[in-house]
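Listed below are the structures to be examined.
Two complexes follow with chain A in common, the first pairing it with chain B and the second with chain C.
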Partner chain A sequence: MPQVIVDGQEIEIGAHERLNCIEAARRAGKEIPHYCWHPGLSVVASCRMCLIETGQRDAATGRIAMVPKLVPGCQTPVKDGTVIVTESALVKESRARVEEALLIDHPIDCPICDKAGECLLQDYHFEHGQPQRRADLQPFHSRRRDVGPTVTLFVDRCIMCTRCVRFTREVSGTGELMVTSRGAKEEIDSFPGFPLDNKLAGHVVDLCPVGALGDRDFLYQQRVWFLKHEANVCGGCATGCSIITEHNQDTVYRLKPRENPHVNKWWMCDEGRYGWHHLHDPARLLSAERRTAPDRSGAAWQTIDWPEVVDRLRSDLAAAGGLAVAVSPMLTVEEAWMLCAVARSIDPAAFLAVGHVPRQGSDETFPGGFTIRAEKCPNRHGVEAVLALFDPAVPGWDDLLAHVRGGRARSAWVTAGYPAPWPAPWIDADTAAAFAGLSCLVVQDLFPSALSDQATWRLPAVGFAERAGTWVNAGHRAQCFEQAIRPPAGVWPEGRLLWNMLGRRGLYDPVAVRRQIAGAAASLAALDGDVPATGIDLRILQLASNGTPSPA
Partner chain B sequence: MKPTDPAIVWLEEKPLGLAERLYLPLFVQGLTTTARHLVSPKVTVSFPEERPRVGNPLIYRGVHRLNKDAQGRVQCVACFLCATACPAHCIDIVAAESPWPDREKYPESFQIDELRCIFCGMCEEACPVDAIELTSLLDLTGRSREEMIFDKEKLLSVYDMTKDAEPMSSAGLSGGSAHAHAGPQVSGSQGGAP
Partner chain C sequence: MAPIKPVLLEAVGVPDGHTLASYRARGGYAPLEQTLAGKQPGDVVEMVKASGLRGRGGAGFSTGLKWTFLPKDHPGPIYLCVNADESEPGTFNNRILMEDDPHQVIEGIILSSYATRASTAYIYLRYEYPQSWHRLQGAIDEAYAAGYLGKNIRGSGFSLDVFLHRGAAAYICGEETGLIESLEGKRAWPRIKPPFPAIEGLFRKPTVVNNIETMACVAQIARRGVEWFRSIGVPSDPNNPRDPGSYGPKLYCLSGHVERPGCYEAPLGITARQLIDHYGGGVWKGRKAKAVIPGGISMGLMTEGELDTPLDFAGPGKVGCLGLGTAAVVVIDETVSIVDFLHNSCRFFAHESCGQCTPCREGTSWSLRILERIRAGKGRLQDLDLLLEMGNTMGMMPGSTICGLADGAAWPMKNAIRKFRGEFEDYIRRTNPDGWMVTDPVPALAIVGAH
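Up next is the complex of A and B:
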């Protein structure tokens, strides 16, 4: 194993690993400050913040020969015997000088800069800068201009790391951004007539180490130090990007991608990034309601308290019999399993099918390898795996429609929870008409729809940040996540309702349900135990468990 | 400032001497204070008939005001630093892009819950542009809780009420020179050498 010496500490790296000094030092717990380097982008070594001392240890004699000059750590690969010095006086002096140079014409407008609190220039200045300002320049306001429909550039705050430019060239492949002018007059701009308008554009704001690029969706909304962070999974499409939901007082303010080498690397798409606004849409269904007129003609609804819903829903469905259930691919694995269990306890012959799977366009892959899926739901694979435990045929939404149209159902429970801002409502009046003849229809959705107009019971659903559980993405990777914010007052998440309908006591505990499912199904056995933050591939354990009898 | 900064002087508490540990001398000392107050002139006033005398209105911590700049616009830049510093969480700001070309951000709405406020003055300390200040107005009354939530207009009107008696402590930032005499008075008291 190759050995690298970081500040006198010997660490081993993999025989075929290609690391630079920043990554190698990180393994030894040393952070080398850097602006222009990003693991997902090419190396330009232009900011000079990562300058360090390096050398080479002679394997035979053990003598160390140091390079006489400082070298950029981002651009220097390590090999066996590489010596890295990150704390010497020379290195510290160099960092202070780089900081000083960057701050000479930087508008020190931190109080009104949205990046303050998560700005590398601030952090590194505090850590590596010098306390006194020697240049006597007046602070000035930053000029601003829009480089695209979602992103504003604060021209004078830019430190010219060119991360944003490289992103549009290498990852989104659209190349709208460029550097204009030269030397001290260098500026970022978009090419005339080509505004920064692509499906990954929001990233440049995350990549910008300073406050030069602002996301207009978030600009001025909240100071970053008020935000709380919860590791979540995006529900926008079947890719299931790992994200961080940033929220305060039960309001989501922004989403950011969370690094996950198996799913989204460092990226997420703009549709997902801005796809949280439906959570705070006033049009949401906010209480459990039952129609007062049995013929469903009148629009009179009666709000029912949740504890009462638990009993009356069951008795209504049991009275009608012939139950058909649509298990929405927006539900978590845990909720899907509990829904199936509840349905079968009401009607042992209940017809269980995967709910409507929304699709839009076709899969889109970007030059950086990131894919946006056409399947706009996060958990079809998970729901199918659960349904297979109850009905090996795993019927789909069309089968359910045929079942209902064929008059074989007398009651139905349709879970939906689709976010609203799709080009069209998820269900049209014609399809909804198929359910008109049922004696009891339960619709659980985020927003009113043609189907909820037919319903006997209209139950609210919750959005992605409001649930906890497990989703299985298009690559069969199961990711577990916690609830980030509480749903609006008066809304029980699906999990809580189903937990109570199963007669279980106490608070809804997704982990307990997950363990139970993992114990009952070989296909989901990987979910037993702690699932890492980057998720777990269900197929690997499925392959390993092939041939062994299922414990179910 | 880092905890390792050489400018920080770390003080240790002195160990108790014999007199402190004996208790009796301190007891006598306390009683002497009580006795002195029995005979000294009275400081209690019968408020509200009689107004208390405010020593230095510039450092008194009463009702807040939001200062205006030379053009009469709200001076606040909506940085939320006062709301961050406030231990009572009584400041609520909604920021927006400013309607003026020379300013980036301004408070669209600015509310202080005067009932929740503990009048600590942290907001004034935190403000980078001296936009929020505590005045010497001390009789703060209202008939409802809602009335005691002061909005931007009300806080700006407190400025108009008090600006002559209590000029802004940092006239330099407002761009005006009318209040310049107030500057050195207040800041001079803080700049003592260690």
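Up next is the complex of A and C:
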């Protein structure tokens, strides 16, 4: 195995790994500071913050020959015998000088800058900078202009790392951003009439190592040090991007992508990024309600306490019989499994179908490989895998509608939880009319709809950051996540209700349910044990048992 | 060193010397026809290698050696880029060649393309040379009409297209990878190396970038032979195995405070004093030289005492200059303030820095603003150390930038302050009698008015 020597420490790298010095040093626990380099973008080596000393150890003699000048760590590949020095006096002086140079024209307006607290310029200056400013130049300007509907540019904070420019050229492939002017006067800008409005545009804010690019959605909403971070999964489409939900006091402030080489690499789309506002929409259903008039006419609703819901829901549905259940692809694998189990315990012949699968447009793949799926739900594959355990036919929403319209159902339980507003409500009045003849209709949704207007029971659902469990994305990758924020007061997540309806004791424990499913079903056996943060491919065991080599 | 009969500048003063007929009458294109008829591309490479021709663009890299870096038997296209973006202050030798003898350049381009197996050549011309543009385009058209360019040149089976591209007036486009980026239609930000252009250059294909004067030299070597070329200039230093020698005639651009400024052809190795006295008629108005720029502003400064330094590829480096550069010799007489000189130099590089690498982008602009403050009577002795530190740490040589522009900005700073520190100190003491010795940090907001 090739050996790399980082500050005297020998580390081994993979025989065919192509690492640069920054990545190799990171393996040895050494952080080489850098601004312009990003693993998902091309290398430009222009910030010069990652300058280090390198050398080569002669395999035969063991003698080390050093390169007589500084080299950029991002641009320098390592091979067997590469020597990296990250802490020499020369390197430290060079870093201090780069920091000093970057701060010459940088307005030190950290107190009013959104980036303060997560700013690389701050962090590196604290760690590598000089204590005293030698430049005699007025640093403070405050020019700001919007480069797109979601992104604003604080022109003078920019350090010209060009990450944003490269992102729009290489990943989104739209190329709206560019560098104008020359030398110390150069700026990032967009061409007049061509604003930064592509579907991944918000990402440039994450890439910006300083406070130059601001997210207009997040601007001045919260200081970053108040934010708590929860690894989560985006529910916006079937890609299921790994994300970090940043929240404070049960309020989400922003979403950021979480690196996952199997799913979204470093990226996420704007639809997902800004797709959390429905969580805090005042129009949400917030309490479990039952219609007072048994014939479902009239609009009188009675709020039922949740412990009472557990019993009365079961007895209402049992009394009606002929149960049909729509298992929403917004539910987690665990919730779907418990819903099926509850339904079958009420009516052993209950008709179980995948809920409405919303679609919009067609899949869109960007030059950088990132895909936005037309299927706007995160867990169709997971729900189908669960349903297959109960009914190998795995009926869909249309089958359920046909079942209900055919008069074969006397009661229905429709789970939904679709974030509004989509371009149109997920269900229209005509479709909802199919459920009119039922003697008991339970609708569990985030927002009122044509269907909930007809319901006997109107139960609130929760949004993506408010639930815990497992989602399986379009690539059959199962990702487990924790609950980031609590749902609004008075709302039980679906999992909690179902857990109680199954008569299980204590707090809802998705991990226990997941293990139970994994033990019961070969197709979901990969979910046993701990699932890594980047998820696991559900097909991995099948592939292994088929003798085919498992995908890397 | 004895003056030589002009060869590269043969056509200067000849009526209609820029035309094909005149060039043919002087023996032009005959070597090309012989080469195409009887020699292999490898023979031309060997000829140029044997001649010891070093690139005339500034770095002085061996031309033949550069050609051999191209991948062998490359299946795709190979490109030749001819660098006519002559923007180094003080330099105008390419301009003379393009305006007065464009066919000499084109013959060199055809020979070089044949040697490197390039089927397309691009001439990247500086925007500010409209006459060169007209002359070159006219010569290209003439060469196409006469069958020296185009498909199957003179029945040899070798084809070549030459395109003349006019730049948009940026100094950085003279850097070879900046030139390539610009030719590709992008912002001329120099590329990181490796890969070098010979492996991955224009349109990501193997590319050779050569200077206009180098092309003219290739044409002359083909016409007059390797022996003639090696009979001129300075042989390699036996004590320095890495010195390949400086052979051939060179166009020196003499300007500044001399009696007869102009572009002169002289053997490599002529000293600055000989050049100024014999060709330039001495420093003007009977004054003494204070300093001389050996080869364009980015090469630094020689003092009056260093004027006997030979202007070959190794000479200026021995007195602390960056190198021979473009051999643009600018004479600065004793009345000029060296502070003003450095201010002017810093202003140029602050304006021309492409802004890609942090040390150059911020360093060139910071040094300019320090010089502006010094000239505004707010200088402090401490500033000189700061400028020196900047000069020592910015550039490709210390490794802090991608291209050599920052080295070019650093050398005048270093040379001026090292060689004329006394004058700087006197100036600062005189203009800032109350504050020259202060070492406190300059209060940024209070001093703004000085800028």
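Note that in this section the second predicted complex is superposed on the first by the 541 of 552 C-alpha atoms of A that agree within 3 Å, B and C clash if a C-alpha of one lies under 4 Å from a C-alpha of the other, contacts with A are read in each partner's own complex, and residues count from 1 in each chain.
The working rule: a residue touches a chain if its C-beta (ideal position, glycine included) is under 8 Å from a C-beta of that chain, and two chains touch if they have at least 3 such contacts.
All values derive from a computational prediction rather than experimental measurement.
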Which of chain B and chain C A:111 touches, first, second, both or neither: first
Which of chain B and chain C A:223 touches, first, second, both or neither: first
Partner chain(s) touched by A:340 [first = chain B, second = chain C, both, neither]: neither
Of chain C and chain B, partner touching more chain A residues: C
First, second, both or neither for A:141, with chain B first and chain C second: first
Chain B versus chain C as contact partner of A:70, first or second or both or neither: second
First (chain B), second (chain C), both or neither touched by A:372: neither
Touching partner for A:438 - first (chain B), second (chain C), both, neither: neither
Partner chain(s) touched by A:44 [first = chain B, second = chain C, both, neither]: second
Of chain A, residues touching chain B in the complex: 109, 111-112, 141-142, 144, 219-221, 223, 225-226
Chain A partner contacts - residues on chain B that touch it in the complex: 77-81, 84, 95-97, 102-105, 128-129
Chain C-facing residues of chain A, complex: 43-49, 51, 69-72, 75, 93-94, 97-98, 101-102, 104-105, 132-139, 159-160, 178-179, 181-186
Touching residues on chain C, where the partner in the complex is chain A: 170, 187, 189, 192, 350-359, 361-366, 369-370, 373, 386, 393, 397-402, 441-445, 447-448, 451
